[in-house]
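For reference, chains read A, B, C, D and E in written order, and residue numbers begin at 1 within each chain.
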Amino acid sequence: MYFAVKNMNTKPILTVKNLSVVFPDNNGGLHALDDISFEVFPRDFICFLGPSGSGKTTLLRILANLLPPTTGQLNFIHNQHPQIGMVFQQSNLMPWRTVMDNIKLPLELENMDESTARIKAQEMIELVGLNGFEDSWPRDLSGGMAQRVAIARALIHDPDLLLLDEPFGSLDAITRERMWTELSRIWQAKQKTVIMVTHSINESLFLADRVLVLTQRPGKIKFDLKVDLPRPRNDDIRYTPHFGKLARKLRETIE
Amino acid sequence: GSFGSANDANTIRKIKLPMGYIPNIQFAPFYDAIEKGYFAKEGIEIEFDYSFETDGVSLVGAGELPFAVASGEQVLLARSQELPVVYAFAWYQKFPISIISEPDLNITKPADLRGQTIGLPGLFGANYIGLQALLFSAGLTPADVTLEAIGFNQVEAFATGQKKIVVGYAANEPIILNSQAHPVNELRVADYLQLTANGLVTSEMTIKDDPELVRRMSRALAHGIADTIANPDEAYTISEKYIEGLADMDKTVQMQVLTTSIEFWQAERIGFSNPQAWQNMNDLLVKMELIKEPLDVNKAFTNEFVP
Amino acid sequence: MDINPLKVFHPSSAKRNGMWLRVLSLGLGLVCWQITSIFSGVEVFILPPPLKVWSRFLVAAQDGSLFRDIGVTFSEVVLGLIVGVTFATILGYSVAKSRALEQVLSPYLVASQAIPVVAIAPLLVLWFGYGMFSKVLICALIVFFPVLINTIVGIRAVPQAFYDLMKSLRASRKQILMKVEIPAALPIFLGGLRIGATLSVIGAVVGELIGSKYGLGNLINRARVGYDMPMVYVAVFMLIFLALGLYGIVARIEKKLLRWQETFERLNV
Amino acid sequence: MDINPLKVFHPSSAKRNGMWLRVLSLGLGLVCWQITSIFSGVEVFILPPPLKVWSRFLVAAQDGSLFRDIGVTFSEVVLGLIVGVTFATILGYSVAKSRALEQVLSPYLVASQAIPVVAIAPLLVLWFGYGMFSKVLICALIVFFPVLINTIVGIRAVPQAFYDLMKSLRASRKQILMKVEIPAALPIFLGGLRIGATLSVIGAVVGELIGSKYGLGNLINRARVGYDMPMVYVAVFMLIFLALGLYGIVARIEKKLLRWQETFERLNV
Amino acid sequence: MYFAVKNMNTKPILTVKNLSVVFPDNNGGLHALDDISFEVFPRDFICFLGPSGSGKTTLLRILANLLPPTTGQLNFIHNQHPQIGMVFQQSNLMPWRTVMDNIKLPLELENMDESTARIKAQEMIELVGLNGFEDSWPRDLSGGMAQRVAIARALIHDPDLLLLDEPFGSLDAITRERMWTELSRIWQAKQKTVIMVTHSINESLFLADRVLVLTQRPGKIKFDLKVDLPRPRNDDIRYTPHFGKLARKLRETIE
């Protein structure tokens, strides 16, 4: 058992400064995010918590370079956008690709050769428990199965930065906890940086080093919680007093 | 089907007449005859129909219409396919096709065409038949020349120098080209061979059921032609009423079209078909393999109704 | 890494830009034409310069006959469009809903497209006369197919999920049609209508060439016979304006009904 | 409330059904035609009965000239289709991506559709000669527009979410094109191709009517001038088969590429 | 405070008997549901729990008459299908309708007059906390907001039977609990019958009279738990020993 150690002399790989987003609408624009600033260090696991409509998805879209901020800055280390694995809030599978082909898409984009790609994809399929559905079309999957395909797709190309938008939202308790454990394992083994949006306090405490809570629209950072629970965390940790204390703190800020 | 017959002279008979071409100064005799009441006097009211020649002949053959204006070879071709059409009145006495060539080529007789490239609308119709007739008259065959199908764009092809020899109507393309300052040499088919040309086509049924109607049509038309020949200027003025846009066109050119056409209408007896011209046409079509075996030309035309 | 500030979208400025671009593009076209007609060596009576066409237009406009021709062709085009679109939509919907119907009808539908009008002209004339009706029919025939195909493609692309929703609400067939199928198929259907609108103009001209008294197709024929090339171009331009007008109407409908799509006004495409 | 047992779908039996339906429908069509030609009172040389057309076909097939005409028209149609589709796809894609380009080009594109070929035939002939090229050009021109419009509609219907996904994976423009835009726009694009395939046949015929030596359009002209109506019908049927063949190829491609759609084979529509 | 009383001499409004579903696939068909039988009484609130892919959505689709079962029977009282309000797993909003128009769709289908419909829709919009977004297009909503629109749409026409497929999946803790309370209130006030699919044990215990647990594919009913917690239930109930006991029971069957 060890503690996640924040190495204070590594440089942040991402600095977000005074970020705001205004969407055009009919009366003066909709303020989605307001003056967001934070830093992300290598190997951080950050969770964003916040009410519906507080701009969490918008923030992830900015980090993934899918949306330019209205004002503010976003700086990646070496001014270079890292390789990203993203799970969108909707599973976002291509209906013309089978499960297998959806999962190996990122490898295809890297021009990996077909047979290696298939082997890797098969591993991911096993990881998310979808053996036997390799050749199914997305339309024939259940909601949770589609989400698992999306998770597999985000992880397969071993990205530096994982951006996860409620990735476990429609998974049952068991599958969800299995995925938590898997994600922790991958994060520790492969030295990834993870930024994840979630609704679940338990989930954020189980997984994150740090939880950032956003306010109601326009989203501002209301609370920055360092999660100093020992790792690896397992199910028992939820019944420890420290966990309870952190959970209560989060619950209070949210309310 | 059949159309009503038996009219007395008092009731006006409405007749839809397919002209085979769009309104044009060449139809001046028809306009003249209407304007001067020659048709009305015969109890006929004409409604012009400017559609394709073959459609008109088909409809006459089918008994849907009593008359159409069409060329003689159409009658033979249609009869070879068992359409009972009959040519009852010869309007054009001479075949109105010309071979138009650049003066530099110095083509003055059909034999000069040997080895040349000739542009014509297509390998069908009056232009094709006229050209073949001319070639045969000089002992040539189509294999001795190169034929190019260029659509009805002879003037443009000639004016831009794309084709140095084209086939066209004597009363049309040469006049237009001259008016655009393009001098041409012209070989008229009519100068080498007598062929049957445009006239009034009816059917065996009409002749049997209502011969009087055919006679009346012929009479009115003959008057129109005679008047036009006698007084082209008057006919031209009348035509302006019937031809949309004629007033906007170049009058000298159009007048020239009319006077040239009149050369083809001149006859001792207006409307009379020359049996030799029919025989020649019959032979030509057989030679061209457009009809399989010679027809009985005497059934294809009649001079019985010519005034 | 600096990222550009988000540009808030101004619909009115975009519209103004569009206008300018269009005017500029048309002006450029005219200049090109004038230059070609001067330097290409093509004779004036084959490719007349724009000014000559313009003055021919003024003359023709004064005596009123031009507007009668426009009126005739316009009526044929619009009537043909209405008839063709109506039948195509009804049939397209039925075919989209039944594979069996498609099997039975598709050979005939395709065949109806491949038959050259000139070939069946005598029959058309026999059955429908030389009047406006036969031209409307030809327009309708040529409009029919694109609208049909796009109706089929549009209806088949309606997501199953919306049918489920409507069924769970016990919606009637008519309600499903009105509230789901029509709006969902609309983008593709309107694409078919765009194609149909321009084809209808072709149809009218073809019909008029077969045999007619009035109309712009007839005017072209008349002018060509008189070697009045400027007039041919006037007629061609009237046809173009007719097509542009119809197309513009469809585009306007599209803009209004498909506001929810607005792919362009999204921030990043 | 009893509910029917779910019927498991058998693709092969559906296919067999389809074949039967099609044969039945064609047979019915022939019977109708024969009956019409007997009882309608229309003369044989305007509407010849099927048997007469068949025997005319046998005669024409023997002397080989029919196949030369078919070959010529077929080449024109296919080449025109290829050229038209290629340009339409490239331009449609560009226009779908740029509102400005659309503003500049759309008047010309619509205009290009409204210009009757007959009116500019002399120019076409002047610039492109009398050979196959000008016919291919006309086919391409008529194929162009439907494919263009459906490409635009198709590309614009691609969900933003897939662009987001591809961008997050740092896909290149080409990869986005190949892996998202083409498959997503395919159903609508193929609809355009269906329309284009049948229109291309019309284009070839129109082109041949302007001036040609061979081809089925030319054959129709020749046969009509010779009052050989059965031959006209033979040529018309060859054109129909050509169109059906091309359409069938597109339908086959569609079936193969759009397996993932399979709206029909879903359980409840 | 009172207990939900099962009235044993009312007749079930829905009887499901030996229901199975097999989807066609390439090898012998995919068994989604196997031999499902249960009864639903008026005013029941039933939750289905089960792993991803166990056939929960399939079952709801059968109950909504969207899918015929392969074998087995489904009988509604008086042989008449009741009026249904359904929340789908995907929010299933029509992109060409604004929030307002999406919500009032069921009223339009009943031909309610426009002004009354708008008033009712406005009430629902307030209920789900979307004031100010009446005229927004679905594409401009956040995931949770879209889900709330779908919930409003399912409730607006006051249906007899509510079929809810993970309706609160992508809602944050606060909104979710507000929606729980609202749903309980509506259920009690309006005498509805509710069948709901969920992943959350807490959610099922907080809301349901009865929790049915499905097995891994093919879905069979593995466990039928009567939830005899007093109503109205509020947040405190989660920390009672009885709640804890029921939760542990469910957790054990699921694992």
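Note that in this section a contact is a pair of C-beta atoms (placed from the backbone, for glycine too) under 8 Å apart; a residue touches a chain by one contact, two chains touch by 3 or more.
For clarity, every value in this text was computed on a predicted model and none was experimentally measured.
*Asks:* Measuring between Cα centroids, what's the chain most distant from subunit E?
*Replies:* B
*Asks:* So which chain is the furthest away from subunit A, centre to centre on CA atoms?
*Replies:* Relative to subunit A, the chain with the farthest C-alpha centre is B.
*Asks:* Pick the pair with more C-beta contacts: B-D or B-C?
*Replies:* Here the pair linked by more C-beta pairs in contact is B-D.
*Asks:* For subunit C and subunit E, let me know how many angstrom lie between their CA-based centres, rounded off.
*Replies:* Whole-Å distance between the two chain centres: 49.
*Asks:* Taking each chain's centre as the mean of its CA atoms, how far is subunit B from subunit E in angstrom?
*Replies:* 85
*Asks:* So how far apart, in whole Å, are subunit C and subunit D when each is placed at the average of its C-alpha atoms?
*Replies:* Each chain's C-alpha centroid was found; their separation is 18 Å.
*Asks:* Can you tell me which residues of subunit D touch two or more of the remaining chains?
*Replies:* In subunit D, 42, 46, 122, 126, 160, 167, 209, 224, 261, 268 touch at least two other chains.
*Asks:* Residue numbers in subunit B touching 2 or more other chains?
*Replies:* In subunit B, the residues touching two or more other chains are 54, 58, 62, 156, 160.
*Asks:* If a residue has to touch 2 or more other chains to count, which residues of subunit A qualify?
*Replies:* Correct list: 65-66, 81, 90, 139.
*Asks:* Per the contact definition, I'd like the list of subunit E residues that touch subunit C in the complex.
*Replies:* Interface residues on the subunit E side: 61, 64-66, 81, 83-84, 86, 88, 90, 92, 94-97, 105-106, 108-109, 137, 139, 157, 163.
*Asks:* Touching residues of subunit C toward subunit B in the complex: what are they?
*Replies:* Counting only subunit C, the residues touching subunit B are 42-43, 45-46, 59-60, 65, 121-122, 125-126, 130, 210-214, 218-219, 221-223, 225-228, 231.
*Asks:* Touching subunit E in the complex: which residues of subunit C?
*Replies:* On the subunit C side, the touching residues are 161-162, 164-171, 175, 179-180, 183-184, 186, 258, 260-261.
*Asks:* Mind pulling up the subunit B residues that touch subunit D in the complex?
*Replies:* Its residues touching subunit D are 1, 54, 57-58, 61-63, 77-78, 80-83, 119, 121-125, 147-153, 156-157, 160, 162, 290.
*Asks:* Would you pull the subunit E residues touching subunit A in the complex into a rising list?
*Replies:* Residues in contact with subunit A: 23, 25-26, 49-53, 56-58, 89-90, 135-136, 140, 142-145, 147-148, 165-166, 169-176, 199-201, 251, 254-255.
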